[in-house]
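Following this message is one structure expressed as structure tokens.
In order of appearance the chains are A, B, C and D, and numbering begins at 1 in each one.
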Amino acid sequence: MNSAGLIVFDALLLLSIVGLAWASLATTDVRRSIILFMALGLVLAVAWGRLLAPDVALAEAAIGAGLSGALLLAAAHGQPSPLPPESTNAPRNHGAAGMGMVLRWAITLLCAALAGTLVWALLHAFSNPQHDMLPRAISANLAASGVSNPVTAVLLNFRAYDTLLELAVLLTAVLGTFALGQATPGYRPAGLVFDGLVRWLVPVLILTAGYLLWAGAHAPGGAFQAGATLAAAGVVLRLAGRTRIGLPVGFMLRMIMAAGVGVFLLVGLTLLLLGRPFLGYPPAWAGSLILMIETAAMFSIAATLLLAFLGGQPESTDVNAVANRQREEDPRC
Amino acid sequence: MNWDAWLPVLVVASSLLPGLVIFFLREGNHRMRTLLNLAGAVLKLVLVSSMIWGVFHEHVYESRWTLAPGLELVLHADTLSVLFVTLSTVLWLVTTIYAIGYLENAPHRSRFFGFFSLCVSATVGLALAGNLFTFVIFYELLTLATYPLVAHRGTSEAVRGARIYLAYTLGGGMLLLIGTVWLYVLAGPTAFVEGGILGTLPADYHPQLKMIFLLLIVGLGVKAALVPLHGWLPQAMVAPAPVSALLHAVAVVKAGAFGIVRVVYDVYGVNFADQLGLLTGLGIAAAITIVYGSVMALFQDNLKKRLAYSTVSQVSYIALGTAILGPIGTIGGVVHLVHQGIMKITLFFTAGNYAETLGIHKVSEMNGVGRRMPATTLAFSIAALGMIGVPPVAGFVSKWYLGLGAMEAGMAVWVMPVLIASSVLNAAYFLPVLYRAWFREPGTAWPAEHIPAARFETNAALLWPPVVTAMLALATGLFAAAPYSPLEWATLIAHREYGL
Amino acid sequence: MADTPIWLVALPLAGALAALLLPRLATAAAIVTGLLTTVAAGVLLFGVATQGALHYEIGGWTAGLGIMLRADGLSTLLLLMTALVVLAASIYASTYFRKTYERARFWPLWLLLWTSLNALLLSGDLFNIYVTLELLGLSAVALASLGGKRAAVEAALRYLLVGLLGSMLFLAGVGLIYAGYGTLDLTVLARVLEPGPVAWPALALMSSGLLLKTALFPLHFWLPPAHASAPAPVSAVLSALVVKAAFYLVLRLWLDVFANVITPASANLLGLLGAGAVLWGSWQALRAERLKLLAAYSTVAQLGYLFLFFPLLLALPAGPDRDLAAGGLAMLALTHGFAKAGLFLAIGIIQQRCGHDTIRELDGTAQHLPATTFAIALAGVALVGLPPSGAFLGKWQLLAGAVDTGQWWWLVVTVAGSLLAAAYIFRVLGHAFGHRPYPNQPVTVAREEWPALLLSAMAALVLGLAGAPVWGLLEIST
Amino acid sequence: MLTTQILYALAGCVLLALGVRGALLHASVLLRIVAINIMGAGVFLLLIAVAYRGPGLAADPVPHALVLTGIVVAVSATALALALARRLQVERDDG
């Protein structure tokens, strides 16, 4: 693509990004807003590709647009649509409405000021020569990191601690979701055509996940993209109305949920006990250790994302069964 | 740390530790509670006696503990602190005996005696405070420890009284705190030193020092019940009699008065305070309070309230003595700290006895009570005469020195009329009570007779404490010139303050 | 000793996994983890006190390339406070949650919360701080919603959305910093940051995110409902530690990393908002009808005091006076942590025993639970700032700083706030006196009542009387 | 100065501001969640633009890794928020 074409491409991309974001936020129809948001995610994935961030593009497509959208849509399922505006509920009060307008404009101006300040600051930041101390340090140490994809090296070696905590965030979210109650009932069984599609799609997704995991070491990809793809397989199954979607229950489920953080932590602490720093892989072992951590992380991510999509703990988990029995007889006031 | 450093801590701990243990005692464990109370009181008395001897022989008893850089908790025994510690200790012992009798079979005794001991610990700590910072800490602790005692009965009236008490004292405490912090920023750690420490500060600090003095005096004036900061005192009379007796005749109001003495003599230095022109204002405030309290007392039919207003008036004698420049005025003020305490506690004890034995709460119900309760009424009479200033009871000695001091300082023009007016007013509100009690015919029945007439007056535990304190009031007046008497000790204090 | 920082993160995280995998042993696992983590915090304190600030390079990579944990005097003190408060609240929680399913839900999240607190306090990297903030926010929200009632869920949802807004603003600031300086390491940034069009907006973005999370007036609206409707042990930790973690970051950024970027005007703005928080929070606490709401508004007010220190610290020249004031700030924060945790646990006992926490109907309650009432009284002493609590020493330094720098208005605010605090505390304590017979046994159920009592005593007595080493520790900086 | 970098970063700022506005003004919980996600997208766009070094040059991998982490954190938070919203809906329906 020549440079003029690139400029047109950039302009279109940026316009659609801003336009989609605007449109998604301008509507009060929840479902419309979510679909526009998903579209924004896909366009963003293209933008990441344009900015030479293929890892992010993959993740955005799978998680940002795909799973977040699916989660939001599932939540919007029970919502009345379009949502009635707040003001119709009560007789219109002119004074309050006036105040509301003032507040709207004040917030809008504030946000405009925010954007303006940020732009101003960024222009200053970009006017200086770019800092490449850190990228250089990463290339210098890449050989010792065990992988050749610099993004994976940062994620699972240089800044592995971030990733460990990030897995803990994911676990926390799912545990929080569990604590709030039951999984939503399955969707109605899909028609014959969709069913055929499912039979074909799910194995492809699983294979893709496996590839992404393996490829992460040297090419775009890795545990998160793979986990999200695996979760997508489950989502498809669920949408097809299957009740069994490959998730175990009870102890095994909890094992899978804990595996990502657990293996990560175990590797870190084992190295610590062997006299190395926490998560300080010996260069010779780094590749294998990272693959091991990523494999565990992939299963955890897939399971937790899927559970998040289900919006609660699947039935007949033993802890939850106890909950069902006991919830009725809770005597505390 | 050696004995000299431990002694001040032990003096405080001898009431603090028993108090803490008492909180955790079962309500029914009467014997253990009494034992702890009395053992603590007696132990404290022994410790204080040794301290008196030591301080007289210029021993230095001092304990220090750093709370933060530059902020030290200092307990230091000098002549002035020993005077107040001794007063508190002796009267604590007597009041404990009285309270044990008074609260027989009442609920919440563990709580009561626990806080009672904390109160005494705070008072003693305040007396021994070696700098203004330490003083402020114990001053606030005293507020905290007395609040539950005022609210003790739990009636809505008691809780309300306690709330008013708290509002006044915490507000005052805040002013005191601000003044102290300000002074600390200007002059560093303000240790109490005989003769004061601020005289050396440069002259451009003087306006600030005047502001600080005002803050400190107003803060202290709340507890010392200087008019118009006295409003809490009559309200706090809802407390049980032993509380009124010890705390509102001795611990709390004296803490304020003692603080004023400390600030004038040991922080500013009396000469420097005079040089800044601060003494006149203090003297006028004291004079107004003396007259105002006496006038108000005149109109109270409720006996405890009459005594409360009498306290408002009498405590300001101490402030008045402080405001009179010269050793003789100082002696008068300081010695009144002791004398007023002994006399006023007697009055509150006897008022409690009337209420407990016969249900008498008002002056108008006291007709002929002297025949039914002669010993109690005799104690009451001695103390009341002392308050008026009739020789040879203790009160006469203080008034004599105050008058003499005023003449010496050339302030007689306005101090003498105040003293005379106050004495006349004292007579006007006490003598009719005495007349009723001794010479009027009793009515057909007492308001609520709790103890049958067959018994001699009342319980021994209630009867003896006022008798003992009345005797003390008489003795301190009669033997004022004896060694280690309050007057002699006050003279020692005055000599050390003026560097004589 | 050198590994201690990472153990402080790894131990509670491992405990969370254990509690997740073995729900029936969750309580035991949590208590054991709690004890071990507390020991680790003690060891760290000892290490920092004897050897100075400790640094730990994760993965052995130098700071910048990798992430470095750092423990200096301030963070270590807060870590130890966190450990003690969480441990005490854990012991209480083991009686509070009685059903197996409640425990199975509670303990993993609880230990994840602890992990995030420790990770946040130790973090030396801006983006890592963002991750710990999110972990903290999510686990706190999940715990706050455990009440399950509508009010709790509603409050938790608002709490989450506000928290996310805050984190995103923070992250935007981080992005700006990376764009301008190409590094995320706090120590390096402290060296290279200079006042200008990059640092100012970045600080403003990060601070507004953090202020939202620390509920500084007028951004406090989400706090009272969330803290008042969560289960008692959770409320204790939310009020005592979670908001304080965000405050710690504000402090770190303003006084350490961005020290030469901030201007007096901005510090005065923080002070002004703090003053608003003190007055408004105290006033609302005074008007509250329920104990938990009172405690929650009191948190708003108490955080306000901490912000009053900013204009003073900026006005004081570096030297002993400034160190004294900084120590006062730390002392106030520590005292509030212990006192508020004790207060919430005590309220939880009252709520469980009596089925309500309406202040007007407390008369009998206070008499039935003397130890708990005493805990409330001790916590109250610390909240008002009366001696011998640590808060007294803290407020002393606040007042001294205000006098020293001639900024009288903060003094007025402090005094007014303290008097209002006294009014709301004694409004509660007034109910402790009445005619009901005193129970025979002062402490009724040890495991339930002791944690609250000990936490309150820590605030009201131990910190005040033995807190002098705090000032010494604070001088140890990274 | 790279024009591409600046343009994408500017778009990021716009998204951020739009998201903040939506999060503050929308009444519906789901719309607020969408708004916060758009805000996040703005920050990610900003970071990726910062990482960009020009055509044919390897980009700075650090912001890429940060954004990957950010995306997962955002989806976690979204999941929890949605679960809360759903529970709230149930509680409201129950009365």
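Note that contacts are C-beta pairs under 8 Å (C-beta built on N, C-alpha and C of every residue); 3 or more make two chains touch, one makes a residue touch a chain.
This is a predicted model, so every value here is computed, not measured.
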Per-chain Cα centre nearest the global Cα centre, belonging to chain: C
Pair exhibiting more inter-chain C-beta contacts, A-D or C-D: A-D
Mean-CA-position distance for subunit D and subunit A (Å): 11
Centroid spacing, where centroids are CA-atom means, of subunit C and subunit D in whole angstrom: 28
Chain centre separation (subunit B, subunit D; CA means) in Å: 69
For subunit B paired with subunit C, centre-to-centre distance based on mean C-alpha positions, whole Å: 43
Sequence positions of subunit B contacting 2 or more other chains: none
Junction residues of subunit A - those touching two or more other chains: 118, 122, 125-126, 130, 132, 134, 138, 159, 162, 166, 169, 172-173, 176, 180
Junction residues of subunit D, two or more chains touched: 9, 16, 19-20, 33, 42, 46, 50, 62, 66, 69, 73, 76-77, 80, 84-85, 87
Touching pairs among all chains present in the structure: A-C, A-D, B-C, C-D
Touching residues (chain side subunit C, partner subunit B) in the complex: 320, 323-324, 327-328, 331, 370, 374, 381, 386-388, 392-393, 396-397, 399-400, 403-404, 411, 415, 418-419, 422-423, 426, 429-430, 432-435, 437-442, 464-465, 467-468, 470-471
In the complex with subunit C, residue positions of subunit B that touch it: 23-24, 26-28, 65-71, 73, 107-108, 110-111, 136-137, 140-141, 143-144, 147-148, 151-154, 158-159, 162-163, 166-167, 170-171, 173-174, 177-178, 181-182, 184-185
Subunit D partner contacts - residues on subunit C that touch it in the complex: 127, 130-131, 134, 137-138, 141-142, 145, 149-150, 153-154, 156-157, 160-161, 164-165, 168-169, 171-172, 175-176, 178-179, 184
Footprint of subunit C on subunit A - complex, ascending: 117-118, 120-122, 124-126, 128, 130-134, 137-138, 141, 157-162, 165-166, 168-169, 171-173, 175-176, 178-180, 251, 254-255, 257-258, 261-262, 265, 268-269, 272, 276-281, 319-320, 322-323, 326-327, 330, 332-333
Footprint of subunit C on subunit D - complex, ascending: 9, 16, 19-20, 23, 29, 32-33, 36, 39-40, 42-43, 46-47, 50, 62-63, 66, 69-70, 73, 76-77, 80-81, 84-85, 87-88, 91-92
